[in-house]
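Multiple structures are listed underneath, in structure tokens.
You will see two complexes here that share chain A, one where it goes with chain B and one where it goes with chain C.
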Partner chain A sequence: MPFIHDPEFGDRMITLMAALVLVLQILAVGQRWLMGNIRIFGLQSFLLAAIAGTIAFFNHANHVYIVALLTLILKAVVLPLILARLVERVGIQKEIEPLINVPLSVLISGCLTMVGYVVAESFYHPEETSGVAALGRNTLAIAIALFLIGFFMLLNRRKALTQVLALLSMENGIFLAGISLTYGVPLVIELGIFFDVFVAVMVLAILVYRIGETFDSMDVSKLRRLRG
Partner chain B sequence: MIVILVKSGLQLLLLLLVAPLISGIIKTLKARLQTRRGPDVLQPYRDILKLLRKGMVIPETASWIFSAAPYVVFVTAALVGLMIPMTATDAPLSLFGGVIAAVYVLALGRFFLALGGLDTGSPFGGLGSSREMTISAIAEPAMMLAIFTVALSANSTNLSEMARFAESQSWRFLAPSQMLAFAGLFIVLIAETGRIPVDNPATHLELTMIHEAMILEYSGPNLALIEWGASIKQLILMTLLVNTFFPFGLSSNWTVSGLGLGLFFYLLKLLLLACCIVLVETTNAKLRLFRVPELLAVAFILGALALISTFLF
Partner chain C sequence: MILLWLLIVPLAAGPLAFILRRRPAMEAVNLTAFAVVLCLAAALGVQVVQSGPVSLWDGFFYADALSALVVLLSAFIALICSIYAVGYFRQDERDGVFQADGEVIGALGAYKLRKFYSLTPVFVFAMVLVALANNLGMLWVAIEATTLTSVFLVTFYGTKTSLEAAWKYIMIGGVGLSMALFGTFLTYYSAHRIPGTETLAGLNWSVLAVNATQLDKPTMRLAFILILMGYGTKAGLAPMHTWKPDAYGEAPVPAAAIFSSALLNCALYALVRFYILANRCLGADYPGHLLLLFGMLSMGISVPFILVQRNFRRLLAYHTIDHAGIMVTALGVGGPLGALGLTLHMTFHTVAKSLLFLCAGSVYQHFKTDLFHKVKGGVIHVMPLTGTVFLMAILAIIGMPPFSLFQSEFVILRAAMAAGHYVPSVLFVVFSTGIFAGALVHVGGLILAPADAAPVVRWQPWRNLPLLILSAILVVIAFWIPPPLFRLIQGAAVIVASGPVVSAR
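Up next, the complex of A and B:
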């Protein structure tokens, strides 16, 4: 297979996988089942790991392989397991009730994707024909869209746990932007980010558990009862 | 003229033979995945043969529409089957507007099926027809948007042209917009063929049934025609998915060796798609009827995004 080493083929594969991540993000907005949401997050992280692996392969950047492996282990396996266990332990209602109804939410996500494309357009310089510039076009747009949709999900949901999931998908967007534009920042920074996300999820998991214990609910609007 | 007839005959034969096989494969794989033994792959053929030999009961209140509907369903499905490229990039027939005609000839079949359900005046039939039309009204725009995405990049609504363009582009054809359109069309496939998140194909004992509620009054050869037509429609939609988005292995001419290779790849792609459908059916629970529009809204947005992103870039 001659095209295996064609860099253009690599770019195309990366854009395709990024598009798949976007599809999953829109599905996550439409998904009402909490476990389904966690699985979608795991699948998204798996695709991100695959993107990182592809970038490492086509750019001969060996340290990105480590990033890909870490993403695969931490974000595609460990985090979904922790979250799934948390759902079991807190024993909350497994259906998500968004503030805005689902068809409208999906429509808004579509508009946010358009915003992502428009914003990415301004970063695109057609006179630079290098692979990075061409890749930035679609992948950066998708990364911005992921971030915006994640932010929208964060606002749209009441339960603390679903907000954690939204936060994680926002982080996925940032990861995609970072890895596809720079072809891998130095490993130390990547490790720092991973550690950060991991600790954040651990802390949030404990927090969510405590909220569930104290208020018998994970609805963050109930936290107002703390007032004097 | 003779050439078109021969080509049509070959494709019709393939269509009629493969359609029940795909239904059988999906049923068997699904059963195996749920650790049941399940029916044989050939069971749909036996069902159709058995039904064709039985007598039929036609309700007293039924008019001619009730008897005509199965033939319309079957003939429209078979006609559309001749308009799509299956093993070769050139379909035997290309009528009117290509893919637009294909979608709306299928819609004609569905319209008559819904009329047939309403015709007997049984409450179940009316219920099924109303649900079917509701779902198809939302699924159709999503489907058209997804197909237009491919048509735009091929600059033609002719299915053969689209397949030829996609085939000549090889892997360069795969763009993000194609991915979005594929995802949208996959959801439409699930909805149109009455698969699990939308409808349950395995039972006609549920109040939530859609397809089965419409055909509850049919029996014997009429039922066989409807079931066969439904499996052909499913095959057509699956073919549309695999051949317009993954045109690899399509033969560019009608020679024996080319067709043989084309057939092999075609069946392989269908098998892979069937595996995807089985996975979706097994891992999902059936949606409440009022939640179905939410799923189709996702398909619609994916289609719209696909179309807009082809314009943007």
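Up next, the complex of A and C:
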């Protein structure tokens, strides 16, 4: 299969997968079920791992393989499992109640994607990128869009667990930006970031559990006793 | 080598306390560990002042005067607060704070104390790592680690409000830090044209600072905004400050004192590192104006909240937001004088603010409330020592002349005037006056109100000793700063103003 070694092919694959990641993010905005949301996050992380693997393959960057593998294990399998178990343990309403209704949310996500393109345009210099499979500006724009939509989701949701998912999808956006700009940061740092994200999810899971226990609800809009 | 020990000692003390379980043993581990860290930090300071920056593992860890100053302040506050914590939690135990209904007496308390004494050293380790990490990615990892290790200190008492505070702390902090991570990646990207930056050292601050003029400018602009928002959230700059009064008000007082002084320094330290890069790459105007904007906003927002505040721990938290604003303003003014103002203010604020929190803690434990109107009778009559020290510290922190914070604020103001920032200078004075009035009226009323009761509080060694040490230092530094410390502060200011020193004395 000679076409596999063609950088052009790699380019297209990456762009295609990045586009799918964006589609999944917008699906997550419209998703009403918590479990569905967790699955979308897992799928998105799987695609990111695939993108990282593709980049590693075409640029012969061995350390990116490790990053891809870690993403696959940690973000596509372990974190979704932890979150799914948490949903069962807490066992309260699984439906997400966004503040802004779904059609409008999707529309806002579309606008944020455009913002991503405008921002990416302003500082991306493809002619200077040295890699074989130079990543299109699409990937960077999508990464920024992921970050912004994740932020919007965070503001738009009331349930503690769904906010955690939104935060994680923001992190996915940053990850995509990192690998599309510089093929990721040095491995030691990447490992540190993975470790921090993992610990953060554990800490958040404990907090979510205790909030659910103490307040009999995961609705963080009920957390408003501290003011002024 | 000294850098490694600075990290190993607190990191080992956490698990050790966790294993030992018994309260006296955990207290001893904490006290010893922090005493050792303080000695090491002092040794590091001396070494940096005498023979320039120290580095380890090809510059993975790196300490110049600025890092040494931050490490020294963190270590000092950690030791003082651990002494105070011994007395504070023993009092809590006597008051039965830990006993939930139907619980085996003491079991819950033992569990909570174990949590505190094993998490605090790890938290201190993360703060030391912030100051010693040369790699900007590692810096981010360390800052995130300070959040993660301190969340469960905020939820220490396990009340509803403390869960709420912890949730805000970690969510707002998480969003902020994700911006900072994005900014860090962009900074790395902006260096991609400089040869030799593909390796691990490519993210090293000392490497980037030397090559700062070659960084890609548009990328660096975006990166600096993200970093300012990100680490600004961690420092509690307005409008990302909302977690701060909650977390400071809910955390046990020894932890809150560390948050308000040492942790604030760490967040500002990260911001300063990126400011130095941006300053050298983009010129002083771009980062300077952004910093002035956030500084003024933080100072301005804290004024009304201080004026109408009903809770004295939250008042102190808003006060910290104000001081974060002052320090960011100093950084924004820049230049040798502004930088000196910043490092001086950082030192003075650390001493005064931790003292205030500890005083507030003693008052809170005695009166069992942190609301002004529920405290019956003047503190100075009921608790003569705490009351006196509290009054002195509040006068110091709002900038009364004999105290050192007046000097540093005056330096900052002079630098701002000299640099032609007239509008910020005027606002600076206006806001400071508002806070002066608000804090003095509230805390003055709390302390000096008439009381019919005779002094009732006995000498409490564990809690009074830290107060006395801190207030002695506060008085001394108003008139005389020990020369080695002053040289360290000056050295740090030089780094802030003009980047890495190749041949420091």
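Throughout what follows, the second predicted complex is superposed on the first by the 212 of 228 C-alpha atoms of A that agree within 3 Å, B and C clash if a C-alpha of one lies under 4 Å from a C-alpha of the other, contacts with A are read in each partner's own complex, and residues count from 1 in each chain.
By our rule, contacts are C-beta pairs under 8 Å (C-beta built on N, C-alpha and C of every residue); 3 or more make two chains touch, one makes a residue touch a chain.
Quick caveat, the model's predicted, so the values are computed rather than measured.
**Q** In the superposed model, does chain B or chain C contact more residues of chain A?
**A** C
**Q** What is the contact status of A:Val199 with respect to chain B (first) and chain C (second): first, second, both, or neither?
**A** second
**Q** Given the touch rule stated above, what does A:Leu207 touch, chain B (first), chain C (second), both, or neither?
**A** second
**Q** With the two complexes superposed on chain A, say which partner A:Pro186 touches: chain B (first), chain C (second), both, or neither.
**A** A:Pro186 sits against chain C, while chain B stays out of touch.
**Q** Identify the partner contact of A:Pro103: answer first if only chain B is touched, second if only chain C is, both if each is, neither if none is.
**A** first
**Q** Contacts for A:Asn138 in the overlay, against chain B (first) and chain C (second): which applies, first, second, both or neither?
**A** Only chain B is touched by A:Asn138; chain C is not.
**Q** Touching A:Phe9, do we find chain B (first), chain C (second), both, or neither?
**A** first
**Q** Which holds for A:Val23: it touches chain B only (first), chain C only (second), both, or neither?
**A** Only chain B; A:Val23 stays clear of chain C.
**Q** Give the list of chain A residues in touch with chain B in this complex.
**A** 3, 8-9, 12, 15-16, 18-20, 22-23, 26-27, 29-30, 32, 102-103, 106-107, 109-110, 113-114, 117, 121, 137-138, 142
**Q** In the complex formed with chain A, which residues of chain C make contact?
**A** Chain C residues touching chain A: 135, 137-138, 140-141, 144-145, 148, 151-152, 155, 158, 160-161, 163-168, 170-171, 174-175, 178, 181-182, 184-186, 188-189, 192-193, 199-200, 202-203, 216, 218-219, 222, 245-246, 249-250, 305, 308-310, 314.
**Q** Show me the residue ranges of chain B that touch chain A in the complex, using the header's touch definition.
**A** Of all residues in chain B, those touching chain A are 171-172, 174-177, 179-180, 183, 291, 293-295, 297-298, 301-302, 304-305, 308-309, 312-313.
**Q** Which chain A residues qualify as touching chain C in the complex?
**A** It is residues 119, 122-123, 125, 128, 147, 151, 154, 160, 163, 167, 170-171, 174, 177-178, 181-182, 185-190, 192-193, 195-196, 199-200, 203-204, 207, 210-211, 214-215, 220, 223-226, 228 of chain A that touch chain C.
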